[in-house]
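Going in written order, the chains are labelled A, B, C and D, and every chain counts its residues from 1.
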Amino acid sequence: MVKVGVVGYGTVGQRLADGVVLQKDMELVGVADVEPTLAILALKEKGMPYNLYLATPENKNKFDKYGIPISGSLEDLIKKVDIILDATSAGVGEKNKVLYQRYNKKAIFQGGEKTSVADVFFHGYANYEKGIGKQFLKLTSCNTTGVIRSVDCLDRGIGISNVIMTIVRRIADPGDYHRGLTDALRVDPVPSHQATDLMLVMPHIKATGILIHTPVTHGHIITIVATPKRKTTKEEVLELFRAHPRIRVVRIADGFLGNASLFKYARDLGNLRGDMYEIAVFEETVEIFEDQIVYAINVPQEAVVTPENIDGIRASMEMQKDRLEAVNMTNKYLKIGGN
Amino acid sequence: MVKVGVVGYGTVGQRLADGVVLQKDMELVGVADVEPTLAILALKEKGMPYNLYLATPENKNKFDKYGIPISGSLEDLIKKVDIILDATSAGVGEKNKVLYQRYNKKAIFQGGEKTSVADVFFHGYANYEKGIGKQFLKLTSCNTTGVIRSVDCLDRGIGISNVIMTIVRRIADPGDYHRGLTDALRVDPVPSHQATDLMLVMPHIKATGILIHTPVTHGHIITIVATPKRKTTKEEVLELFRAHPRIRVVRIADGFLGNASLFKYARDLGNLRGDMYEIAVFEETVEIFEDQIVYAINVPQEAVVTPENIDGIRASMEMQKDRLEAVNMTNKYLKIGGN
Amino acid sequence: MVKVGVVGYGTVGQRLADGVVLQKDMELVGVADVEPTLAILALKEKGMPYNLYLATPENKNKFDKYGIPISGSLEDLIKKVDIILDATSAGVGEKNKVLYQRYNKKAIFQGGEKTSVADVFFHGYANYEKGIGKQFLKLTSCNTTGVIRSVDCLDRGIGISNVIMTIVRRIADPGDYHRGLTDALRVDPVPSHQATDLMLVMPHIKATGILIHTPVTHGHIITIVATPKRKTTKEEVLELFRAHPRIRVVRIADGFLGNASLFKYARDLGNLRGDMYEIAVFEETVEIFEDQIVYAINVPQEAVVTPENIDGIRASMEMQKDRLEAVNMTNKYLKIGGN
Amino acid sequence: MVKVGVVGYGTVGQRLADGVVLQKDMELVGVADVEPTLAILALKEKGMPYNLYLATPENKNKFDKYGIPISGSLEDLIKKVDIILDATSAGVGEKNKVLYQRYNKKAIFQGGEKTSVADVFFHGYANYEKGIGKQFLKLTSCNTTGVIRSVDCLDRGIGISNVIMTIVRRIADPGDYHRGLTDALRVDPVPSHQATDLMLVMPHIKATGILIHTPVTHGHIITIVATPKRKTTKEEVLELFRAHPRIRVVRIADGFLGNASLFKYARDLGNLRGDMYEIAVFEETVEIFEDQIVYAINVPQEAVVTPENIDGIRASMEMQKDRLEAVNMTNKYLKIGGN
């Protein structure tokens, strides 16, 4: 049993903890945070299924006020685990790294950290082998994770030489009050970080991307123009996507009209927190146009990185040496791909 | 075991079915619908935990296409049950009533139907006794259900003579594509139906209301000015609200900033579909101003009517003769109020 | 000719400058700002109808890059004018006040400044007399300005003892990217600043208010419950509103469905920038309920304070000693109330 | 003086009328509509600068109620003009065509009509010559008009063989209450009508497009991947765009962050209704990637088709035989391109 700690119990950290708990070959030792946020209050109301460690001892009285039991300090947590999933705000992970090094523990950082924080920029499906045995991994961001799943899928099946993305991005998560956009689309300069990140993880592919922020909360939609290395067909592309456990091919004609449909569907499935691990490809957007592959995907930003983080544990801890063996173990415990 | 059927498996119907299943003294015989919607596709993906009956036999091939098993016709369902929760679109319930009468079955209609469809306009807490043994009940709408909970609570504790509401309404549910509003507030003429409905259910109280539609999906916020029959204090009001199982008193200072915080919190609690049965009162909005009580509530539109619908089954089927005994049984099985 | 300078050429400052230019008894000497914002770029594209002064000499090269002519420093502007309309960001006005004092010039600050910055908290209709001859005035914020117009109108006609407001607030202006809200309503603790501000300007009236932020940009909608000192009728209330030049009584039945309708209508009128100076009362929301007056108004946040700012110049500069004479002069030059 | 009538005084019709009035070689005889909408009420409040004709005589009393003068019937208008700009709702234009034929008048239909309604599918810059002397033209929709401006610009300068678009579409206009979307992105099947329409107008170019609806009102943003017939550079592309009168090259670094910035800027310019005729190219999105041209444009949906409609009058009425002479005349009177 690999002992795991989750540092940062926010939108991503909560979901990483939930995902680790489902792995029968891992043990969640606890989670750490700094303030009694709503996520922590919910943990309390649920009866503390996860032990909570406090990264800010000076805030202990704030937690006492709510009667929230604290199991120790951040360092206490670090000492007890084999590996940390660091899901703190951008920049904090880099500071925490000093602690992880002090106790010679492994750690996985999220997409918001600088790439230099880690030994390898990791994606479970695309470059699992590079993460094996490494002390520090950095995961791709939610958007990049989703894009790479689909591009890696096509690349392994057909061969891809370059991709052009239009990333229609959700501006906030449900419940966010600290960021938002109202009746406005925002454009970023090209290339977007998703493109440069993709090239770091998949250096044999060239990529560019335009990012457009939109006032929604339920998932990013990304259109992709991928240039294959050989001729292909819509049917081949769809078959490859369908065979990928972390990709759902959905049909607009069935009612999957956009990101909000997929959010609703995940809730209707009874998924914990109404989350979905899979990206979706809208079948009716797949087209071979002048020898380029065109398609649109939906990326559920809150939970999409959970599987790849768990893949990262498997790689870093050398739990599986084989890529497919590893991701399939993750998928099995997360109940992904059985649909 | 009272046998229950749910007709209409949309946003409300799904939640009614989920709620009935949790009642140890009720049995969900099945649900009925007309089209293979996303909710039905999710039911299929979950392995058909509920039997599905088809109200439109001519659509059977549409369900066959997805391999969705059908357990019979709408009439088959009606024959097997003691009572129907009719959660169809506004106006359809009235048409279905003919069938319920034909088989001499009881039924509970939702807020969208005409009030004349039922023998009594029902609210579990406010007028349970009036529903006892009646064949046809109509439940109040989501907004009115939430408002009445709070007004009935104050009325039983202090006595209320009149209420003035500003209903800041969400325009759509998450996942809705058939209705919406973009960068606009919409005002309706006074009095809103919530006020006239409240007076029908609580005829000893006068009410008016202004309705403002807003482009959000995660719950209505309603400000209420209630005139008490005697002097009261903020502390007394809060104590009454805190003692009510279906009302949560939350604090802005704790991070409950608005409707989206409550939606997020319900997801973080791990509630099914990320739902919440309770309305919330924002503690910092409660004020006694010139002898009137002022406060703001949050109404989670998707699930808020579930408890009162189940109360309705208890009344109509004469499962409990006592109001508090009935609502407490509902609360117990829905795990409401333990917080 | 009273010489006026506008400091801060943002959403409000632009509109104040436009309004001053229309006054035949005032002269706009120039406007001052700190950065080449879009508003300044538009000024340049229009051929510099207003002289621009620079409050940050160190930024001169930024303006040179765009070829924007600068007429001098902020102090140059102050020296040339009789009175300044300070429309800078909250807190900056207080710092600028030192300069205004140094040159012994009058100034009018906006609602974001601390009330202590000024000699009187001013509203053209409600307390014109208090502003006469004063060196420093502070204007009420957009919401408070709108509310006071309507409450003062009723107070002078009927007598008002107290008001309870629900302020359904727009979160951003069109074009704002630095603030926003997405699919969320936010509630603030009571009483809102609008209520306390109203009591400062109209100390004979008691007020409270609940503020709800909404993800829209085209105007605030405020519901008001006002307790009159004597019995009144809906007709009397409407007649008073109709007789007020800065209040439009509009009908939902005519298509004025909410804040976005009024924004559209102002554009269709051909108003500069698509602005409207008047607040609107929705006729179908006016009701006498249990001896209280209930109504809803729309406040166009961008331009609504322009008339009262100009009233402020008239008071401070002693251009008119009589309240009605002053506001009518403002109205005449702004073409308000001819409808 | 060519005599022009505008049928349908909605969002587009109002702007067409405003645009025709500015043409010194055209005369606006009047506008026609069916109901006393807000646009008509604004026309009344402005003192009826345009004569109003009534397409629904049975509604005359509705107009009388507001004291709106009617100059005659729709047929009266048709008889008086040389050419009609039909800006009615989709499908109505086809019905009106019978009248235009009866009186042997020319007409220009908008993008919502079926392509078969007209003799030629027209765009002022792309295929002016095809419209010369034709009785019936159909204009491209707002999105297609904007895309074609940019693609035609590159095609004439460099040669373009195919284009792939991601159309991030605004769901409603400011003031719309009859359509909207709330916290949801919607995806349409490929290819979008903009792609098929582009190929009809520019048959030598292949096109496809994915359409994503977003909950905003201030303009569409479209990313375009265009394959040139020869190698090009970012500088050449930008130079071509800058030389086009109906294209503005704007910089994100200057504050043009997205569609809402452009809306704000047009208001700050003092443009009538806060409109903009030009599309914008975001300079920092222009990139040559693997020999394809990538860029993003902003399309102000309300007014963007006005210039091309007026070009259509010039073609159909044979006012200018030369394409550039015609569009430059339109530009001159609309004050486009002097920036």
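The definition used in the following text is that a contact is a pair of C-beta atoms (placed from the backbone, for glycine too) under 8 Å apart; a residue touches a chain by one contact, two chains touch by 3 or more.
All figures in this text were calculated on a predicted structure; none of them were measured in a lab.
**Student:** Looking only at C-beta pairs that count as contacts, which pair of chains has more of them, A-D or B-D?
**Tutor:** A-D is joined by more C-beta pairs in contact.
**Student:** So the centre of each chain is just the mean of its C-alpha atoms; given that, what is the distance between chain C and chain D in Å?
**Tutor:** The computed centroid separation for chain C versus chain D comes out at 35 Å.
**Student:** How many angstrom between the C-alpha centroids of chain D and chain A?
**Tutor:** Centre-to-centre distance between chain A and chain D: 42 Å.
**Student:** In whole angstrom, how far does the Cα centroid of chain B sit from the Cα centroid of chain D?
**Tutor:** 47
**Student:** Tell me, which residues of chain C touch at least two other chains?
**Tutor:** 174-177, 182-184, 186, 215-218, 257-258, 260
**Student:** Could you draw the chains as nodes, link the ones that touch, and say if you get a line, ring, star, complete or other?
**Tutor:** Drawn as a graph, the chains make a fully connected set, so complete.
**Student:** Which of the residues in chain D end up touching chain C in this complex?
**Tutor:** Going by the criterion above, the answer is residues 14, 36-39, 41-43, 45-46, 173-177, 182-183, 218, 254-258, 260-261, 263-265, 267-270, 272-274, 339.
**Student:** Please give the residue numbers of chain D that touch chain B in the complex, ascending.
**Tutor:** Touching chain B: residues 171-172, 174-177, 179-184, 186, 215-217 of chain D.
**Student:** Note which residues of chain B are touching chain C in the complex, please.
**Tutor:** Residues of chain B touching chain C: 161-162, 164, 166, 168, 170, 183-191, 206, 208, 210, 212-219, 221, 223, 225, 227, 252, 257-260, 282, 284-287, 289-290, 292, 294, 296.
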